[in-house]
Amino acid sequence: MATVQVSEAEKVYILHGIRDDLRVDGRGCEDYRHMEIETDVVSNTDGSAKVTLGDTAVLVGVKADIGKPRPKVPNEGYVEFFVDCSANATPEFEGRGGEELGTELSNTLYKVFNNKHSVDLKSLCISAGEHCWVLYVDVLLLQCDGNLYDAISVAIKAALFNTKIPRVHISADEEGGKEIELSDDPYDCVRLNVENVPCIVTLCKVGHRHVVDATLQEKACSVASLIISVTHKGTITCTRKVGGGSLDPESIFEMTEAGKRVGKALHAPLMKLLQQEESLGKARQKVGFLG
Amino acid sequence: MPDCFPHAVTFPFLCTTMPTDTKRVRGPEVSQSPTLFLCKHVAVLPSHGRRADGRQRDQVDVRPVFVRCGLVSQAKGSAYIEAGNTKLMCCVYGPREMERKDETDMKCGKLTTDMRFAPFSCLERGSWIQGSQDKDLSLMLHESLQPAVCLHKYPRSQIEVNVMVLENSGSVLAHAVTCASLALADAGIEMYDLVLGCSIRQNGASYVVDPSYMEENSCSSVSSENQGGLTVAFLPSLNQISGLQSDGEMNEETLTAGVRTCIEGCYKLYPVIQQALTKAVRRAAPPPSES
Amino acid sequence: MMEVCGSTNVSLREFGCEQTLLSRPDGSASFVQGDTSVIAAVYGPAEVKVSKEIYDRATLEVLIQPKVGLPSVRERSQEQCVRETCEASLLLTLHPRSSLTLVLQLIHDDGSRLACFLNAACMALMDAGLPMSCLFCGVTCAINADSEIITDPTAAQEKESRALMTFAIDSKEQRVMMSYTKGSFSVHELQQCIAVSQKASENIFQFYRDSVRRRYSKNL
Amino acid sequence: MSPMKLCVPGDKLCSTEDCIPGTGIYLRHGCIYSSLTGYVLKKNEGEELPVISVVRETETQLLPDVGAIVTCKVTSINPRFAKVHILYVGSTPLKDRFRGTIRKEDVRATEKDKVETYKSFRPGDIVLAKVISLGDVQSNYLLTTAENELGVVVAHSEAGAQMVPISWCEMQCPQTHSKEFRKVARVQPEFLQA
Amino acid sequence: MAAGFKIAEPLEYHRSFLKENCRPDGRELSEFRTTTLNIGSISTADGSALVKVGNTTVMCGIKVELTNPLVEAPGKGFIVPNVDLPPLCSSRFRPGPPGEQAQAASQFIADVIESSEVIQTEDLCIERGKLCWVLYCDMMCVDYDGNVLDACIIALLAALKNTKLPEVTINKDTGAPEVNLEKRKGLNIRKHPVGASFCVFDDSILIVDPTAEEEGLSTSHLTVVTDEKERLCVVHKPGGTPLSAEKLQECIGRATARQREIQKLVDKVIHSVKTAQ
């Protein structure tokens, strides 16, 4: 992953600052950087969103395709994740450089969504055992400036909110077989319930405290971080320790508590923002990628 | 006679079919596990009372483990662990010359981990090619072990940890962590502490420690809240958590309680592991004379 | 170019060989046994990859290309047989830390292909002018249902056979350098087949000599 | 005497006030912990406090370190340097091979500018050398033979026989009596007679 | 300091032992290492065996699956043998797809199965042209100290003898197969092929059951596989220095003796497993 070199003196400065709840960019320990969200940015997807968090930028596209349900759960659709670390984000990703990080991120996303409530998979079923919707969630990293997980999860939630799945009509043909018809009307579509989609909070242990939304400099001062994905109810769907160091149990408990608090608080404003943008309809001013 | 030499490179382009595995003896294109055609369905596991293998529910009742060190003659260190039917083998090679020197600082050694499943290790036959699940487990193993290894003592070199799952009967990651740390210790690699792994499966209000494969994969419909798995890697004498992973849905209290239970499980394992190691040392040589 | 390679008691199909038929490689040969035909090309001695470097001898790589498709495990196993046979006859210590590559392309398979690979390999190595301690040749014997031994069988004869053996024979003492067998057989049958192969090898080495002589008489 | 204590990594052995730290241990919060599985060994070396170490049946894997004497085999030479495989660090064999480089200017201490690598080493020679640097990202371990005790200890002539040193820069084949140039080490180690 | 000699001049080191007609590990030239066998230890496999030949350890697990027979061979099932030499078993193997040695070993095992007819693929047919068994035989080397081929054959043979196929009936109405995992029956093992491997040192000295180090230093390898009727199934010599007829005869003699020893061992272990149940 993109890393920066931090000198010893700088480390001490950052550590002391965080000890006093004052970070280099003026934030408190549990504050996020400025976040911008824009949905419906890629026209050839069924749902998309672009999120910038500080200088981290990610783009998420959701594509719905008709597939066959998995044999073990015939009455459910499924979600596939793919994270592409483009060489745009950092030259280190060139060639196969980003592959490892890409699989790490996508494997974590599978874990985050590995429960019954995050996405209602039953609603994705078209006809049991035969057809279902498969949601392909493609994440593209445009720029890395720390805290990829949080930015990605917010972008996924926004993109899923934005996703419009065409309505299907099942009719029986002459031979008794089923025929699937997609609605031609672009407005005749189903929306997903994203209420339970979790957001990821990454807590970085710096010194004896932990910070939310760490910058690359702060990350360089930390030995380990904890990833926690939290729903709006405060249910934790995934936790994971990342980084080369270890954490003592007490700080894990503290971080879980803080992560839950921060994550829970993230959902309401996010949903409000998404609904606001949606309500603007066509009147909304598109910012796009150059804005 | 052809006038130009038909060189190797021209042929792959002629074959436009699916890339087939040319490096193994191939069987039929498709085959299915007989378990898909069972005439009788397998009995559902009990969700209360005693567990299927007679262990206690809601208690730190780990399976008795059998451990041996130094079985593989070619490796620097090796360990075999058997917990119930879960059987794992780990070999450690190195420190040897670093393969890719392009990376970062040479003052520190590098730890590489590789975890894979034997094709016959699971209920359904696995493929030969390492999937993303194996890669994710390798990464988790790496994160759990790295904090314990004194890598600064091995400049310019890499230490390789290879884990092979011979039979998967649940909690493989937890046992892989324990097995790998045993193998590292057997190899004489300097470490700050041993690393022990333990996992639990939460099922509504009750939980099972060191779940079997069936317990891991059965999700009862009794309660939809608080369902999930948790694996912890723990350094017992430093009281540090080096690896943590959970999925499913849990509230904060359940998660914290789960982490505590796992730590307790690790402590139960500790004396067995210590004994296995000291036994291996004693077997290798009598104590040196005190001079 | 073609010549009937028959003798009193071992019958081989019509053999043919042409050396230096390709311009790019350092040595090349085509070898034809009846309808089975192979082209061999040798590259080297050339610079070797650091990972494959052997400090006191040359590294030999053998690549077998089937007629269609990609090489499979069977080709890999045959590559091993051809490579180790070549390594035993080549004086590799004369070219330390260098690489030799032998590419064998199957043109048509009508039985005895491993033998044909070996023969083509030997002719190509000779053509490349690499120092060798001896020559080698490949002979395939099939034992059919009536327990008759057929040398240099065709694909149809191979299919009907109950056992199939391929040997590489050296030119110095006519001993077995390589052996690859299929089907089950008795010890006596094995000895018979080796004896027949040794006999056949005389004819093949004579054929080698004739075709090399013909080539040089033309050039000079 | 009570049986020797065994320990595993992470075991707390004693406080730093009781012992002087030796090998196979690490310090944390003023205490000495074991970093190896092995026997706890306390040695009194005339000082006030005993030295505490953790030792194993075999010597633990050593890595070539600056200043260490290593035994290596020459794999290739060119006018600028000789490439070697390090086989031993001191008397401990390495299980995996590490590569090293002896540069032309590190072959001997005097008349450095007149050194010719092919008159000093040949591929296959067994050489005693000293590590001078761990090298950087691109290079291997850098070694030197610029001491009288360092240099070629075993060499074979073109006839294949093991040669006998006749001076600090020449060796002779016992079969053909031909002489070949080498940077010869002064002592012929005793292991050749083993 | 014999260890120094061993690493610096390994070939000379071995020669000094062979001169005295013995080997560095104390064996005589024609002595096999101790062979031990453990059968049926993997419950997820339909048949399994663990073989140790000295340090060399190979585990064979067999998984059975259902498939359709080929159109050109409607009455035959499949046996798919593969040998895996993972980086775990020795530092000489790197992670990634199987290397040349593993591929050649897989092909060798496939040849042994075909030539010896240890199992006839006709026995694996359930319904002609419709359904048959495929036996995936995976041989995993856990510790590589030479002579994997012999170990693989023993592991395979023992695992095949341990394999139990579940009962399959074809539902008359739906045509779908129905499997009863409780009712199982063993495979029909028709032959007992056993291999013996040899190495040639310096073009003349023949040694049996080479270790990894001996394999690396020798000039030629030979594996002879025989069955209980003293017929040869495979005489595999992948090149190397030539071998005289007398030496070859010696190898065959040793191989047939080995076949009897190993078959006895396999039968004994199978028997002890049965009585234990």
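Which chain is which? They are A, B, C, D and E, in the order written, and residues in each are numbered from 1.
Rule of thumb we're sticking to: a contact is a pair of C-beta atoms (placed from the backbone, for glycine too) under 8 Å apart; a residue touches a chain by one contact, two chains touch by 3 or more.
For each chain, UniProt lists the protein as follows: A = Exosome component 7; B = Exosome complex component MTR3; C = Exosome complex component RRP46; D = Exosome complex component CSL4; E = Ribosomal RNA-processing protein 43.
Worth saying up front: this structure is predicted, and the values here are computed from it rather than measured.
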| item | value |
| --- | --- |
| Topological distance between subunit A (Exosome component 7) and subunit C, in contact steps | 2 |
| Touching subunit B and also subunit C, the following chains | D, E |
| Taking each chain's C-alpha mean as its centre, the one farthest from subunit E | A |
| Chain whose Cα centroid lies at the greatest distance from that of subunit C | A |
| Pair of chains whose C-beta contact count is the highest in the structure | B-E |
| Most centrally placed chain, judged by C-alpha centres | B |
| Whole-Å gap between the CA centroids of subunit C and subunit D | 47 |
| Whole-Å gap between the CA centroids of subunit A (Exosome component 7) and subunit E | 50 |
| Between subunit B and subunit D, centroid-to-centroid distance (C-alpha), Å | 37 |
| Centroid distance [mean C-alpha coordinates] between subunit E and subunit C, Å | 28 |
| Of all residues in subunit E, the ones touching two or more other chains | 91, 103, 106-107, 110 |
| Of all residues in subunit B, the ones touching two or more other chains | 23-26, 93, 96, 148, 235, 238 |
| Multi-partner residues of subunit D (each touching 2 or more other chains) | 95-96 |
| Touching chain combinations (by label order) | A-B, B-C, B-D, B-E, C-D, C-E, D-E |
| Footprint of subunit E on subunit B - complex, ascending | 21, 23-28, 30-35, 37-40, 71-75, 85, 87, 89-91, 93, 96, 114, 116, 118-123, 125, 128, 160, 162-164, 166-169 |
| Subunit A (Exosome component 7) contact footprint on subunit B (complex, rising order) | 36, 132-133, 135-136, 139, 143, 146-148, 224-225, 227-228, 230, 235, 238-252, 255-256, 259-260, 263 |
| Subunit D to subunit C touching residues, read off their complex | 74-76, 123-124 |
| Subunit A (Exosome component 7) residues touching subunit B - in the complex, by the definition given at the top | 71, 103-104, 106-107, 111-112, 114-117, 223-224, 226, 231, 234-249, 252-253, 256-257, 260 |
| Of subunit C, residues touching subunit B in the complex | 18, 21-22, 24-25, 28, 30, 39, 41, 63, 65, 68-73, 76, 103, 105, 107 |
